[in-house]
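Paired with subunit B in one complex and with subunit C in the other, subunit A is shared by the two complexes that follow.
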Partner chain A sequence: MAETKEKSLSDEKPKPRVRPIVRLGIFLISHSFLVSIVCCTAGVLALFLLPVLAKNTYISENALMPGSASPMLSNQHVSDGNRLVKDLTNPNSKSSETGIESHKIIAQYMLDLGAEVSFHKFHPQMNQFHPLHFFSSPVSGKIQENYSCSSYGINTVGIIRAPRGDGKEAIVLVTPYNALKSGFGEALSLGIAYSVFSLLTQVTWLAKDIIWLVADSQYGEYAAVAAWLREYQTPKFSSLSTPNAEMCPDVNNLFELKGHSISGSKFSNSFRRAGTMAAALVLKVRDQNEQFEDTISIYAEASNGQMPNLDLINVVNYLAVHRQGLRVNVEKLWPLLNSSWLKSLGEIFESLAKVAKSLYPKWKFGIPATEYVEGTATLASSLYYQALGVPTGPHGAFRDYQVDAITLEISPKFSLDKVWRNDILLRGGRLIEGVIRSVNNLLEKFHQSFFLYLLTSPSKFVSVGVYMIAFALLIAPLPMVAASLYVDANSSSNCSKGDSSTPSAITDTDEHGIAIRSWRWLNSAKLVFIVHLWGAIVSLLPYFISQIPDCSPTTSFMIWVLLSILSLLTLNSVLASPLACAKATQEKEWALVKSVTISSVFIGLGLMSVINFATAEIGALLMVPMCLLARPLKLDVRAGTLRSFCRLICNLVLGHIAFPPAAFFLLKGMLDGFGNANVGDFWMWVESLWAWNSATYLFIGMVQLPCWVLCVSILFHTC
Partner chain B sequence: MEKVKKKIGSFSFWNWVTASIIFRLILIYFPKNLNLSSRPEVSTPLTSFRRLAEGYWLKQSFMSPYAGSMYHGSPLLLSLLGPLTINRIEGQPNHLLYSLVSVIADVVSAMLIRATGQNLRLAYLRSLESLDLVKQIEVSGDIAALIYLCNPFTIVACVGLSTSPIENMAVILCLYGACSRLIPLAAFGWVIATHLSLYSAILIIPVIFLLGCGPDSPPRKLFLQRHQQKEVLNQSKLPPRFSWGPVIHFAFWAFLWSVYVLVLCGISLKQFGGLWEMFKSTYGFILTVEDLSPNIGVLWYFFAEVFEFFRNFFLIVFHVNILFMILPLAIRLRHRPCYLAFVYVAICSMLKSYPSVGDSALYLGLLGWFVNELADMQFSLFLFCGYVGVSLLSPVMHNLWIWRGTGNANFYFATAMVYACLQIVLVVEGVSAMLNHDRKLRNLITGKPQDAKS
Partner chain C sequence: METFINPKSLFHLLLLPCLLLYSSIAYNSSPVEAAMHTNNWAVLVCTSRFWFNYRHMANTLSLYRTVKRLGIPDERIILMLADDMACNTRNKYPAQVFNNENHRLNLYGDNVEVDYRGYEVTVENFLRVLTGRHETAVPRSKRLLSDEGSHILLYMTGHGGDEFLKFQDSEELQSHDLADAVKQMKEKHRFKELLIMVDTCQAATLFNQLQSPGVLAIGSSMKGENSYSHHLDSDVGVSVVDRFTYYTLAFFERLNIYDNASLSSLFSSYNPSLLMSTAYYRKDLYKRRLEEVPVTNFFGSVMETIHTDAAYKALSRRNSGRFEDEMSLDQSVHHIKRRMLIKVNDGDEIHDINPELLQGEEGASKCPWSTFRNKFQKAENVDSLLNYGLVAMIPLLVISTWLVQ
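Up next, the complex of A and B:
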């Protein structure tokens, strides 16, 4: 029995009663060309409209109450902080080659305030490729490696116990500090943190413990914070663990020495903990600055495009702008700021808004063109950093444990006089104090505001409900086109076969003895499955290639390409050989392949939009047109009309652009210029992606690359 | 899933069986990376391996295995599989023995499916022959067995150390016994399946039909029409009428086996509260939906939301839902008892209180028996993509909710709802395709143009 859809399309005479929803489906499917053009354009347009649609941020959690109390940080605390800065920048403290002296100074200062102090020794852990990391918990055991005693870092941790708290919650303040080659900025950030810390030892309102982590950044800021967090969240119970830092003799010596020289009973050699972390702030001060006013940059993107709760950014933004008079910055994609087409687009939107307003005064959605350009640049950078899936700072380590964290980078207008230094210490300190006081008020975890959002400026955001519309419009044609191709392919074969079908309808068989009409797509599904399997193999290959010693990025990349092609050929010959003969028999085979490909792309994009929206959006911009347009070149050449010629050109261009390395080089060229493009760059980029366990890597390997291969195979299909 | 079908043409059946076994063994050797046994899709409170180990431990320390609401399975499983939870071989992964038992259970199930499929195919050929229709038909037994073995759901349930391979084996044993008219075996399978998971009890209806009138065939009316046309009533070519003999035989054996099982359970639980305790914490646990931890079903969310006051009412509503569907389906599909069994299993896996992917694996495997009849099923591509999409999306949503903390329970529940909808579409389309198939046969016999359509 033929399908309902086909029925209504192919033979009109009995006109069976069709359910309305099916009828709607049939209508959409039969007009899929028009629908897909409308939907795709609307999707791209909606993406460009996002800066216009952005809403102002607001503080959603009432308990935060930012700025309701006047700051208590006084000049006394500032001068305390200044003292530490002076001691640290004093050349005597840098005499020791491991920078232990400065850690000692910091620890002594903390002890003097009455905080509990401990040192955390860690070995920098190389980021490794964990193909299955994404689905497992962050806790799931990492393999310990053999450590050498030569390289280790020391984090200094100070904890203030809250006088009013029950010790079950904590707020973390992180200042990265490289004792070996610290700039003035790092010392200044320590000074700010210290002045806040010294205030917090005296206040009575503290309900959460305060942890001040001075992260040893000689092996990278992220590594130090991540090592401390790992130790904090996953205590090791076995005493017989693999040799770690404590076993090394010189480290032990150091700490014995410390025990003597540091006075105070609150120093401990063991790892100290406080409660669960409510929030974390990473504080940095930049050394050079070209700005004319004191600005503060917020970095929020953690791994796989995860963002901290919007309320945390709101609190910082509110306090910085309205209380401390600092300018707040979020990252922008600078090349976009000067682009003229964006400016003209902004002007068009602006004038449209004016017209709309003149028609009906309550419609107020326009924003000035300059603001639009800035919003777009911010949005683009927000998308870019989320899509990369690589954290933009040490705060990324916290997000893996569901702790909301951001990095604040203060870039002061630079001058060296003392007044200026005190001023920056005071304002920075008051900002941190205000944020900590707000977070201190929290009764629950951050949960009120958004987790899924894109920033268009520090005080404007696009929430998930808005940006998903753009994405949904973009991928909406996929299932429709898939269905229409599927129906077409089935009905055309039915027409050719099914005419002389009274008793033989049951028995229609081809050479293989298998003619299950509605299951014909299985053949194409097999091809798609094989290509996706190949994609999985290709994504696993770098793990093995990276084991080869002394391999330059370019050669690694070449090996990768060669092995990929080889594996594709092998898989094709082993698994897909019966397909070739099946393909020859069915003239509409490519339509079915395309239909199944589009379905798989739809699933892949839908999945990715949940994992990391930005990747899915960028991927959809590349893949959706390619998938929709793909059609055997032979057919287009044979047709010879203008329309088919255009499609041919589009197909060829898209076929080149959508190849992942080509897309990468194009993007890189657009951002940095094409001059210094190198084949090895792609390898380096990919390596950084998998080192950070970015889901983008899996997306490229298992969705985009197979999709590209399938589309190219459709283009070169012999029909 | 259904992909296997085409591959049979070129590869022999046994190659695929070996490949699937080897694949399972490879996965068993990397259990830590996958961590499947803690996934909510695989292990429910009823099928979880960890709970089994806990129950065994409790029993070994002379406590009731049901203490602390940890274990909710049968006491027989504790005695049979319990020792495997602690036995370890040096240098081998933990639970290797238990995993091997699961693999063996899977293979045995596949073989039973194959044998049953061959039975069904013979019956189908015979009935076509008596209707004077010639048709080249697929070897449905092989296809069904391969679908069962190569289905990712089955593999995941097997490697994830859940007890569902064993439950599935009991169900398949029951159907196999009924198809090959081995009445004691059928009764044994039915009693064990019911004992392990309550819902299999409704399989008694298809089993009675199977024993009473034999395996699937076109409606009886059709044969009568055919013979009226030819005006020779050949009694031998007609399918047999319903006979009560085997059914009474079955009832007797079922009674015997259930008494036997209950006595065994009673002995093993003598010191720990006896049979009442067992019923309370197995069947009672299933029926009252006490555990509201998330799974791929829809009940946990509903009962987490519902007011305590209405809880009993909705419990009744949800369970009666299954019972409501029994009778109409039994009337409509009485001439196809195996298909009826498939539909019942699918409905149960949709509406049961703690579903897992193992249940889906069972009905998808059984679906393979009917490749010939369901050749024209609608929405096959849609269903296939839906299953693939949901089975990928569900772990991601779970990760988003539990580990990242950016999603919430609604995200995960949304996939559960989509999954339930897919199953509904599968059942509805499957049943309508089967009825259309019957209609088509009738039209071929009476010579009407084939435009009949529901």
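Up next, the complex of A and C:
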């Protein structure tokens, strides 16, 4: 009964009822051209709207209570700090060729305060490309590979135990210091840290231990901090590492000497630890002072665009601005500040906001044009440094262990007279004290505020929920265009073959043909797969090239390019030259290739947006237009209309821009000027990317480069 | 005549007084007349932990100090503190708690008895304290051993919201829970009067579900309002007291144990512009006039001393009970009349209570008949007279019908 009824129903309705979502999908796919234009425009527009949509930061964690306690740092502590600065800048202390003297001075000062002191000797670990542990955390075992006794650094570590604390948590204060050629700024930063440290030995309110790390920055600030952190986080229980220390007599000498001179004190030869780190502050004082105001710059970006919790930045910003009267800076892309088009864009937004406000007074989203330009410059730099995936300071080492950390760089106002020095010691010290006291109030890890955000000013941010919209709009057309291309390619070949036979009379052979045709995309998929495989090989090549000794960046780059081309040709020939044979069989083959390429790009961008949003965003800006516009040049030339001519030009321009080295040089040229561009720069840049384990490197090698090659192959497709 | 009155209707008529008698005995067996204010208890609860909630502990400790100063002894104060601020490592002054930045008064002095501390302060324990349903091992000092003559002050502070109060950052006390606990207390005669004072955000909402008579509630803020802290101690680095509690304390600081300030003067002392919220009090369940209730009835342990004629009041009451038992059946009709009047009186005393009437009530419990006579003489209540007359007609009717037959 039911069957017959169903049959009759289906007879009445020749078209089975399609679910709305499917119908919507079909509608979008059939209008993919319009959809892609609208979405891409909206995506770019949304990106430029982000500074307008930025929200004011606020302190999300109740426990922090920054600024609720009045600073306790007094002039006494400042004069203590001043004493240390004087001792360190004293020419006598610099006489020693290894800089051990100044380390001793620092250690002695710490000991006098009653802190636990230890030296941490480390061997600088050259950043090397290890393809096998790309994403893995740094391994302690790697250190012992090759080092000599002559090259080592000494970190001085002082620990204050919280008098009534449980010793489970610690706050880290880092001051990079190069004992061999320290500027006055470094000494001053030590002075500030010391004045805070001397205060903290006296206070009763510590709940977390305080670790003061004087990082020996002669092999780089990051390396020293990273080495100390590695040691701190991965305790060695085996005795393998101990013989190494004994191999270098002068280090032992230093230890022994210290041990003898201060007997019965809290100095220890072994590595000292405190609890898990709640937060870390890296303090620097800039030597040159070109600012007309005391400013403090915050650097927050860690590897792969990871950011510390926004609350940490908020606390520093709040205390610096509202308590110590310092101006807070975050990085900006300075060239953008003077760009007139950005200014006019800002004015447009401003006037639009005015119109909106006049229509409905509650709409208040406009910001002044100058603020917009500044916001955009900050946002661009925020995006750029996150996309690069290279930490902007020693704080990046902490982020690898999920510790929230930022670098504070104080740029003092004017000359180095005594009054001014005391002032900067007092204000800097009180800022650090305030931040430490605030973090000390913390009961849990930083977790209340955002981890995924872009800053548009020190007190404004764009959260993930807002900036993802721009990205989502940008990549939304990709699957639709891919589907529509696939449908087109199939149906057009259908029609060309089977226009004689009506669809109702499908014979066996036709069915077979359709089956074959519907699997035809596999051919294109094979091509795309091969190109991606090639991309992976290209990404691995620098490892072997870097093994070649005495190679200048330029020659390395050249070798890389040559090897890449060679490997592409080899792969092409080995795997039956799919590009050549494809065009012979199908005239619409390029459409299928484009479809599969777009799909793979969509997947790649989607994955990358999870790993590092900023990279995905910039990559999408470059790749999405190129992918969507790609069309064989021959067809456009043949068509000869204005529209096809425009498309031809766009394709050529995009084809150049989207090539990773070209994009790099373009960006570099825009930022630094084209004068000093060098072919080797790209190699250096790539080297730095892999040295920092940046996922951007993988993205460029395995998503962007293959995509570019495929698009170029479509452009030059012979059909 | 026979058709007019049949034996069935007669039986019904006889049954009615019996039912009345039964119900009046059942009602009067509850010792309402004995509910005299005899003792004071205080339950002071700080529900929030963490260092940044220092002020809640300071609030509670300040109240603790005040009620102790006004005469409630430590054994009648249940102090619940959800965290230990005094010994928090972040406290700049170890083992001291202040409620003012002048640091003149250390609230955590020598003589603080905390009954429930830290993670013991849970909704479950709180409700157990109120309802008295403890496990057997719980010591007496941790129990609220109040009776039907107790005035209880229940003070709570912490973080609240619409009809809830947060406990320990992990659980909530809802207004239903509170109302239910109070109802259970009422049924178990665990209090005579209960003053609930709550200092949280949207405190007024916590009283929404209360139904039990004799409960007076005051909250620091209305629905949708926040309760704010009064000031920040920049030395300790936290806010040390909430506004509502601060002004409550300011009111009590002027008082000593002999002062006669009324609850209404306390309630009217709250200035919304100073509180930055509107103090709300709910008095529809509370029958006494607030102007006539001294604050020391709740915040202190001051109660009237009543001079009684008999040295052993309980004995005389037992005698009167025996007297009732010995009444013969034919006297029962008169007895019903009396009982009914007593019942009416009871209703009156719930409606308007003043100290003079309290005395009268005491008299009533001793000798119902004299009260009845007094009432009758004063002719205060016309309704009762009417009722009396109606009931008195019943035996008359019965006798007359019997005579006619």
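The working rule: the second predicted complex is superposed on the first by the 654 of 719 C-alpha atoms of A that agree within 3 Å, B and C clash if a C-alpha of one lies under 4 Å from a C-alpha of the other, contacts with A are read in each partner's own complex, and residues count from 1 in each chain.
The criterion applied here is as follows: a contact is a pair of C-beta atoms (placed from the backbone, for glycine too) under 8 Å apart; a residue touches a chain by one contact, two chains touch by 3 or more.
Just so we're clear, the structure is a prediction, and the values are computed from it rather than from any experiment.
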{"item": "Subunit B versus subunit C as contact partner of A:603, first or second or both or neither", "value": "first"}
{"item": "Partner chain in contact with A:63 - subunit B first, subunit C second, else both or neither", "value": "second"}
{"item": "Superposed model, subunit A: greater residue contact from subunit B or subunit C", "value": "B"}
{"item": "Subunit B versus subunit C as contact partner of A:443, first or second or both or neither", "value": "second"}
{"item": "Contacts of A:162 with subunit B and subunit C, given as first, second, both or neither", "value": "second"}
{"item": "Partner chain(s) touched by A:337 [first = subunit B, second = subunit C, both, neither]", "value": "neither"}
{"item": "First, second, both or neither for A:691, with subunit B first and subunit C second", "value": "neither"}
{"item": "On subunit A, the residue positions that both subunit B and subunit C contact, one per complex", "value": "none"}
{"item": "Of all residues in subunit C, those that touch subunit A in their complex", "value": "50-52, 87-94, 232, 234-239"}
{"item": "List of subunit B residues in touch with subunit A within their complex", "value": "2-3, 5-7, 9-10, 32-35, 133-136, 138, 371, 375-378, 380-382, 384-385, 388-389, 392-393, 395-397, 399-400, 403-406, 411, 433, 436-437, 439-440, 444, 450-451, 453"}
{"item": "Contact footprint of subunit C on subunit A as seen in their complex", "value": "62-63, 65, 68-70, 162-166, 203-207, 437, 440-441, 443"}
{"item": "Subunit A - residues contacting subunit B, complex", "value": "1-4, 7, 14, 16, 132, 134-138, 140-141, 306, 402, 445, 451-452, 483, 486, 502-503, 505-507, 509, 512-514, 516-519, 521-523, 525-526, 529, 577-578, 595-596, 599-600, 602-603, 606-607, 610-611"}
